[in-house]
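What follows is a set of structures to go through.
Paired with subunit B in one complex and with subunit C in the other, subunit A is shared by the two complexes that follow.
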Partner chain A sequence: MSVSKSISDIFLAVPLLVSLGLVLYFLVVLVYYSVPSIVTGSLAKYSATLPCIYGSLLISIIAVIIALAFSIALTVLINEYLPRSLEAVVSSLIDVLAAFPTVIFGIWGLRVFGPLFRDYVEWPLYKYLGFLPLFSYPPYQVPSALLTGVILGIMVTPFATSVIREAYRTVPSELRETMLSLGAGKWEIVKVHLLHIREAIIGGLTLSFGKAIGETAAVAMLIGGTVWFCPLTAPCEAIPSLIVRQLGIAFITPGLLSNLTALALILFIIGAVALLGIRLIIRRAHR
Partner chain B sequence: MYNTYDITIFKGASRVLLGVIEDSLFTIENLNVWYRQKNRIVHALKDVTVKIPARKLTVIIGRSGSGKSTFLRTLNRVVEMYNAKISGKILYKGQNIFKMNPQVLRSRVVMVLQRPIALPMSIYDNIAYPLKSIKKVKDKREIDRKVEEALRLANLWNEVKDRLHHPATQLSGGQIQRLAIARAIALDPEVLLLDEPTAHLDPESTRYIESTILKLREKVDIVFVTHSIEQARRLAEYVIYFEDGKVIEEGEAEEVLERPKTERLRRFLSVFEREPEEAEVIV
Partner chain C sequence: MVRKYRARDLALGILVSVASGLILALVLWMLGSIFYYGSIPIIREGLKALIASPNTSPESPQYGGVGPLIYSTLIIVGACVLIGLPLGFLTGLYLYEYPTSRLSSIARRLLEVLVEAPTVCYGLVIYLTFVLAIKEKLALFAALSLLFIIVPYVAIQTCDILSTLPPELKETCISLGLSRWKTLKVLSRAAWRALVANMMISVAKVLGETGPLLIVAHVTVDIAWGPWVYHPLTSIEPVPLTVFIYAAALSALHKIVILGWLACLVLTGMAFGLFIIARVLTRTIEIL
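After this line comes the complex of A and B, so read on.
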């Protein structure tokens, strides 16, 4: 009995140790190649550092908000309103979206969605809320931080939806029956279901943030590549797109490759901190 | 001569009058219920015709799978959640329940499930949330008063008064059962449907629930499903015996339980008389 328990403990521990080892390995690689930039103070002097951290956070937050709203709405639609036959169709459509190469979203955003978004969303925002710093830039061009965030949100929605939808399905039927038995309507039942799966919603949020902050191709196509503390309606820059854009000259520019590696390390740390923060929120909620 | 409003008043008055004359809470006629279980259709209730009296604690007894729970779920149309097919008529205080808004019906005829679930929120909110969202009670003091009153009625107040804002999921099975009863009675229902509320509880919790039910019978009409004859003897004023989806016998508790008229009920009761302990297991 104790032997079999030890064996099962080992089997459980192996994947955990492997994942931990991989994380540590990548951390060591990033730190090793970032050291010259950090030690010499080159990173602190590098003018793109702070604006790109700001840009990455800005577009990821927009993406998470969009993804969360869409994924909850889709989950409720699929589970509560659609007939069984349509449920399968919509679910597989969402799964197909998850498999799309991100450059397709980039091109679609740039050529189809972007111009419409600029004309019907960004211009009105500038016109009516232009007095606010966030909307103070006239959106003459298609690429912008807001457009990038929205497209990223659409891109990560299928991932967040799959987590939230699965959790919604596993809610015990007794919860629905309990609410129905008390005279609750559909909306009250949905609210209790969402409360029941709040951890999965936070999980979906984590996944969306992780995918959004690390996305490169679509961001590089949509963000505009302008390094500054941009308003939402202006072109901007983020860490992954900056790395891709600067890589061509990084090998011939002294210190640039090290700076870019240090920025990748910062991206890694932001992702890890966000993950830990969310875990902490879940633990506190449990208490 | 009369406008719609007058006619509505006449209808309402006649319903009240019928209720007084008939003294029946539910009148069920030729009720049939079918539902799908895996790949087969189950005919759960077969031509059930029975009356449930008002102001009497009615206990429904029968073996497992005899249709007791389906019958209870049909009284407030929760059975429709399982895509059940229903034929026949159920009158609640003279009103056809299948013509009523199901939400309105369920807020008047509230049910507590066999395995109730604590809503994913605090003990306090388990009672306050349905009050706010279903009964649209807005006043905080009124909600506080109702929460305390319901918890006292359900014999739970003393155990939870110091941790009202703790998660309800931390409560024991018996406490969750009483919380479910408190949640139901806080909504001021006209009828309380209880589906084997003590089926999975220890004797002490069972005693608590039974004393709660006895306290509540003064306040609300109760229809109670149990498979325990001893419990039916302790609580029932009116008994309905189900077998194979049909009502076999019904009547005053003493009459039905002590002097059964049908051979089938006699056989069912005799199992308990021979080996009460074993009978619990058999049934």
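After this line comes the complex of A and C, so read on.
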């Protein structure tokens, strides 16, 4: 009995150890190749470091703002306005959005949505708000930081929506009944509900931020690939797209490989910190 | 007072409907674009468009097709799934069976970090260790880079799904004197719908993943049937659908862009098929 027990224990532990090895291998390689660049200061001197971190943060923040607007609108629509029969239609359409491979957002953004977005949104922004540094670049070409952020926002909306919707549903119904009996309108009810679930909203947005900052294919297609501290309407560069574009020449350029790996490590750390943040928020909400 | 309330409620209603209408219209617009552009080569050249290889010559009016791309995708995703699914599932079983052991709590935390890591990092790690070592971008490496996505996801989901089973079931098995394997078998069978649905979703995730492949596979629209089909994993020819879509979208040749849309149509069809199977199996599981 004890022999067979220990054998089954060992058999179960083997896959776990293999998976654990996979994770450790990933972390060790990432850190090992970034150390030279960080230690020698070559990362700090590398001209793309700061602009690309800026670009990654910029497009992710735009994405989070877009996702915030859409996901709250959808949550309120589904819970306050729609009849049950239509709810299924709307939520399956949102699920469709979550099921699209991300590269499809790239081709659609570049070939269908982008040209119209440039003509009807970016040009007017440049024309009327061009005195602001944010919109000071004439949008001659389709790829731009704003377009990338908007497409990423559409892409992460279903993830934010699912978190916020679930939380909205768990608000006790006594709250609504009390407010109705006090003569509150829809505006007040929605306001109080949203305040009640603010932790879930922040959690959903952090999740979207993590998804947006880690996205590669759509960003590489839409952002344009110019390394600078770009205005919104200009082509820009982010860390994942920089890695995709530069890795091909990295092995003939001394130090570049290590710099790119260090940037990937920074991206990984930003994502991990965001994940840690969600967990802390959830833990606090549970208390 | 009442009038002020009504105006605000009306404003809320309009704001919410406009924003929701906008995002729903965007979804329909995307679906419409994929079907509209993606069906052009099929209408022009029939089902040959799903078998032939892309015609990259600018002079010829023929589109060609996406056959080798579908084959490459199936091979790469298939190899990844064949290793990744059992590995992830068994890891999940361990996490569920020994929730309090130090090993599984460390493993769980690390796997959770890996699930949300930027996918480009997976490609980079494989590139640094394998591609640079032999100076070739074999399709096998693409399959390996996708392992990082499927294993943590399946492991964590398996553990979570089994944890939702009533604890009485497990207690009954143990009190009947069943071995650990038998107990796990009974539990897995009780939750098989959710487990299989989750595996379908994980396959769909891998199928649509592009980030790591842009680094470890050749980014090109130039692919043709050839002798490589007999040993696809150890050759450098395979180009998955996702990578082709990336390369085609940036191509200057209009018909290649259209072929990219056909690839989108095929890829969306595969992903939706998997999601629909998952949905039919269980109506409670989340798509995320």
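Simple rule for what comes next: the second predicted complex is superposed on the first by the 242 of 287 C-alpha atoms of A that agree within 3 Å, B and C clash if a C-alpha of one lies under 4 Å from a C-alpha of the other, contacts with A are read in each partner's own complex, and residues count from 1 in each chain.
The rule is short, and it goes like this: a contact is a pair of C-beta atoms (placed from the backbone, for glycine too) under 8 Å apart; a residue touches a chain by one contact, two chains touch by 3 or more.
Bear in mind the structure is a predicted one, so any value in this text is a computation, not a measurement.
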Inset, instruction - Please indicate which partner A:198 is in contact with in the superposed arrangement: first for subunit B, second for subunit C, both, or neither. - result: first
Legend entry - subunit B or subunit C, by number of subunit A residues touched: C
Inset, instruction - Kindly classify A:185 by the partners it touches after superposition: subunit B alone (first), subunit C alone (second), both, or neither? - result: both
Legend entry - Partner chain(s) touched by A:59 [first = subunit B, second = subunit C, both, neither]: neither
Inset, instruction - Considering only the touch criterion stated at the top, classify A:100 as touching first (subunit B), second (subunit C), both, or neither. - result: second
Inset, instruction - Mind working out whether A:227 is in touch with subunit B, subunit C, both or neither, as first, second, both or neither? - result: neither
Inset, instruction - Name the contact category of A:176: first (subunit B only), second (subunit C only), both, or neither. - result: first
Legend entry - Which of subunit B and subunit C A:217 touches, first, second, both or neither: second
Inset, instruction - Classify the contacts of A:247 with the two partner chains as first (subunit B alone), second (subunit C alone), both, or neither. - result: second
Inset, instruction - Mind working out whether A:167 is in touch with subunit B, subunit C, both or neither, as first, second, both or neither? - result: neither
Inset, instruction - Please identify the positions on subunit A that touch both subunit B and subunit C, taking each partner from its own complex. - result: 185, 188
Legend entry - Residue ranges of subunit A touching subunit B (in the complex, touch as defined): 172-185, 188, 191-192, 195-196, 198
Legend entry - Partner subunit A, residues of subunit C touching it in the complex: 5-6, 8-9, 11-13, 15-17, 19-20, 22-24, 26-31, 33-34, 86-88, 90-91, 93-95, 97, 103-104, 106-107, 110-114, 116-122, 124-125, 127-129, 132, 147-148, 151-152, 155, 179-181, 204, 207-212, 214-215, 242, 245-246, 248-250, 257, 260-261, 264, 267-268, 271-272, 275, 286-288
Legend entry - subunit C partner contacts - residues on subunit A that touch it in the complex: 4-5, 8-9, 12-16, 18-20, 22-27, 29-30, 33, 69-70, 73-74, 76-77, 80-81, 90, 93-108, 110-113, 154, 157-159, 162, 185-188, 190, 210, 213-217, 220-221, 239-240, 243-244, 247, 251, 257, 260-261, 264-265, 267-268, 271-272, 274-275
Legend entry - In the complex with subunit A, residue positions of subunit B that touch it: 76, 78, 81, 103-108, 110-113, 115-117, 119-121, 129-130, 133-134, 180, 183-184, 187, 193
